[in-house]
Amino acid sequence: MPRHLPALLDQIHTEAQALFGQGRVADYIPALGEVPPRQFGMAVALCNGETHAVGDAHTPFSLQSITKLFTFVLALKLVGDELWQRVGREPSGAAFNSIVQLETENGIPRNPFINAGALVITDILTTRYAHLDYALLGALRRLADDPELHWNARIAKSERDTAHRNMAMAYFMKSHGNFHNPPELVLDNYCRQCATEMSCSQLAQATMFLANKGRDQSLRGEPDEQFLSADDTRRVNALLLTCGAYDAAGDFAYRIGLPVKTGVGGGIVAIVPGVGTVAVWAPELDAKGNSVLGAFALERLVQLTGWGHNTL
Amino acid sequence: MPRHLPALLDQIHTEAQALFGQGRVADYIPALGEVPPRQFGMAVALCNGETHAVGDAHTPFSLQSITKLFTFVLALKLVGDELWQRVGREPSGAAFNSIVQLETENGIPRNPFINAGALVITDILTTRYAHLDYALLGALRRLADDPELHWNARIAKSERDTAHRNMAMAYFMKSHGNFHNPPELVLDNYCRQCATEMSCSQLAQATMFLANKGRDQSLRGEPDEQFLSADDTRRVNALLLTCGAYDAAGDFAYRIGLPVKTGVGGGIVAIVPGVGTVAVWAPELDAKGNSVLGAFALERLVQLTGWGHNTL
Amino acid sequence: MPRHLPALLDQIHTEAQALFGQGRVADYIPALGEVPPRQFGMAVALCNGETHAVGDAHTPFSLQSITKLFTFVLALKLVGDELWQRVGREPSGAAFNSIVQLETENGIPRNPFINAGALVITDILTTRYAHLDYALLGALRRLADDPELHWNARIAKSERDTAHRNMAMAYFMKSHGNFHNPPELVLDNYCRQCATEMSCSQLAQATMFLANKGRDQSLRGEPDEQFLSADDTRRVNALLLTCGAYDAAGDFAYRIGLPVKTGVGGGIVAIVPGVGTVAVWAPELDAKGNSVLGAFALERLVQLTGWGHNTL
Amino acid sequence: MPRHLPALLDQIHTEAQALFGQGRVADYIPALGEVPPRQFGMAVALCNGETHAVGDAHTPFSLQSITKLFTFVLALKLVGDELWQRVGREPSGAAFNSIVQLETENGIPRNPFINAGALVITDILTTRYAHLDYALLGALRRLADDPELHWNARIAKSERDTAHRNMAMAYFMKSHGNFHNPPELVLDNYCRQCATEMSCSQLAQATMFLANKGRDQSLRGEPDEQFLSADDTRRVNALLLTCGAYDAAGDFAYRIGLPVKTGVGGGIVAIVPGVGTVAVWAPELDAKGNSVLGAFALERLVQLTGWGHNTL
């Protein structure tokens, strides 16, 4: 454990602010575009129970694609390896919303973290749960230890109103037999899911089981403390490392070397197996849809702590 | 360190042999197709100096794409981050010899481990070395600690005679200004390089610097013991994890979770940072060009040692 | 005019029957798959008023993609060259239902005769007509001179129930701003349109304006006898020649050399400018979705009459 | 036959000059880029023996891709329909130098008029002729009735020096077994062929057999007056109509409606079957590589003569 983590976070906070203005807030969903750009928060949760935070680490933000991590884990717990009959686990080498590979690969998305793959995951969950939105919220509330956790209904609606490309993917997969529920219903669930809001400190908490061989420490002593098996936890982290940052996964691995999941809300969560988790949030995005300050902050943290060196 | 590594290797050796016949020896290069299929070797080199081996671990085999790891490291040492202006570091999401992305991405290969990317690396090295083949051989001899290390001239020739697709890629990149030497010359170097032969025990030795924060222990005490910087070592490993197994990188990460490099000669080398390296060889390949028994052996080793759990 | 057209048609009829069994009835729409395969009809309508028919030339069949010809002409009459802002006029070089080019060309379909292009045309007409299905039926009834002309409701429903891929295309174009009405509504219209039924003799009659510099002879003496301008007629024929036979347009041009439109119902209509029209129907299709006997019959007719030689 | 063809050509000449400056002279081959842009020539050769010309109709220019028409006809005469085993006859729906379809369609080019297809044709001819360059020159001299016809050695060399992309295609096809001679040798032939020079009046003359059911009138009374069979002539014209203008074939068919072949030297030749041929030249090109003034002149000629209306 680095001695002076709070001081390091302060240093990174200061350095990161110099990058304000280098990216652009996502505006493809109108309601998302209204978020004030110059915000930055960062939270670290350690396996030993310590937590540290700087900046806007307690401001809730829209998780967006970060929720794909949670829905994937839920689906993996529910259906196990059968899931791989409907979605691959290879990097896509293409934009997160590309439909081209669906045509050349018969409606099977490359991995669960591109849009098409996440839609299949939501389709699987929609089949299992009468009210997926509340089931998912329940799981997230438990993981984040916050009974008030909710989704932003206005952003969910804004997202649903402009979800044409995701609808296209859902129908395309349906034409290949790889979509079981009505696309309209799954998109309703998907857009609510994406609009879930957490703060950095909550997000770091909610993903701790991935740093901890699958154990959910918020449940210490309870019978289902093992939220995910150790083997599956390792596999989820592998998938986050190869596919967690859209079409910049290779660059993230190269610069940061940790399993991550990013979202167009400007959040990134990174897993340091055996050490802890890091959540960072800053709404300005680069051309590939990842947070500019967020990626910078993680890269600096890895340099300053050597955490990347332990894993790779 | 697992207590009984020799026993584990014996167990894996026995289990792996049950898979003989499930793959096919590469035959796109005629001379490669003559290798007897039912062979299996495995060697482990640990940071503490221990080495263990089973089966045909001392039989030399054709490294093929595994040499892309060594040429990439040499180029990174020589030209540093400038290298990234000529090659990307993202998984390709396509076959190792696909030319499609070169057209849509203006002659810049996705990463140094697909064929197009390795050709650019060899082009870079060809510019630097009057006799690249001997320069490379020198580096490999030093790393493998074997002054007799050589390439198989017959396989090199067989490879050169059928290198039409690689020639196509070289000329295509040249049309985009991303190839500086005559393609014919670079292909000569490339085919000799691919025909280099090592045994598993030599390969495990030669890659130890990647498990060891860049230090080459065969040089213990000599002034240039630091073969590669610790930062660059971490980055190379990250790239091996995301791009080291052709279009099965995601699947390898999921099942094995270690940086690897595979070759159509049937070899695979895996890095366990801080612990050691594992080289395995069995000529029968699966549909994506990776060794069937090799992948199985690494997956079992990770399960039995927990090495995968330490890194991810 | 060939002297013995009736005898030629009899000869072709006899020769064509030898090909029964070489193709397969379309079955992607369940209701279409029930059509008995061994049927063949052919009708010729000449500019001089003569008509000739053999075989099942008076049996109604499902027009399917042949209706794209009529909807395109209607849209061209309504909106003129503005239409080309929403659809191209180049051959696609890809399957009729491919979605790949929509992604690389920003949601603008290559031409009005591939599915995506025909959907845009139906979207344009949906905006103009409160009840497009009846407006289209009215136009077709007038051209075919049959007040009883109708669509097959069962086939329309079967088509609508399995229209997932067309829905995907509609939503994809909507995401690019190239679709103005709700996809569900346009697809309702599109599927009814495709299910329109005509016999060969009706189809030959209904397309006579294309052989006749745009004049609709069924309206001889009426004020709007000029159904389409002579210039636009020539242009429509050019488009039929380059894009009328899915991804076999080049092969059709090479073998037959006439503007054609084919449909998966097994119908083909060919235009001989200045001479007349030929409609042929036989439900068995080749791998590209065109009628085996229909293409053969047209090729023979061109060889025996020299009609192809007059135009090219 | 239009009464006042000379007057029409004068009118078109005048109108066309207003478009000077709207296009750009091809500069991808350095030597081609030196051609003065503001030139325009047009020649019409009629089946009745009349010829008419305006502007720079007697200035030789670089035929470039127009030679693909001649080599294709030579190959068709030599090997007949076997040729279609090595090249398709469908529009490509992609840029003339795209390599993507070669990968997805196993090294078989879409048609003989895109670069890859023309390279296969030149490969076929290279196999047949010890000195293809002189064999081709002989044929062109005979057709153009000019024993002095030659290629521009400087342009040929400039072209060969920058032929990397064509080399890539040749090697790619060789890797699929669809290239029999050394790419270097075929490219030598190909670049000399492209550098052949003719004037508009020669080009109109040299293609007259295509307007004349295959008969070469310059050979009137000689035994081999039938240069190409009538059937094959019709087929070549069909192919020119669907594939003769790169990826603007559909637009050319729509606007002009005649079989054409264009070249990046700024030339276009159009066939009016049964009537005659039109050659036009103006070096400024549009974005798709076709002559701006040339396309305009042909479109106007068709409007003013109605020639397009006779054929479609």
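In order of appearance the chains are A, B, C and D, and numbering begins at 1 in each one.
The definition used in the following text is that a residue touches a chain if its C-beta (ideal position, glycine included) is under 8 Å from a C-beta of that chain, and two chains touch if they have at least 3 such contacts.
What you see is a predicted model, and the numbers here were worked out from it, not measured in a lab.
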* To do: Starting at subunit B, find the fewest moves between touching chains needed to arrive at subunit C.
  => 2
* Third chains touching both subunit D and subunit A -> B, C
* Structure fact -> Of all chains, the one whose CA centroid lies most distant from that of subunit B is C
* Asked: Is the C-beta contact count larger for B-D or for A-B?
  -> A-B
* How far is the middle of subunit A from the middle of subunit B, if each middle is the mean of its Cα atoms, in Å? -> 32
* Any idea how many Å lie between the Cα centroids of subunit B and subunit D? -> 49
* Asked: Where in subunit C do residues touch two or more other chains at once?
  -> none
* Asked: Okay, what are all the chain pairs that touch?
  -> A-B, A-C, B-D, C-D
* Structure fact -> The residues of subunit B that touch subunit D in their complex are 98-100, 102-104, 164-165, 167-172, 174-175, 183
* Asked: Quick one: in the complex, what on subunit A touches subunit B?
  -> 88-94, 101, 110-111, 213, 230-231, 234-235, 237-239, 241-243, 247-251, 253-255, 257, 259, 273-274, 303, 308-312
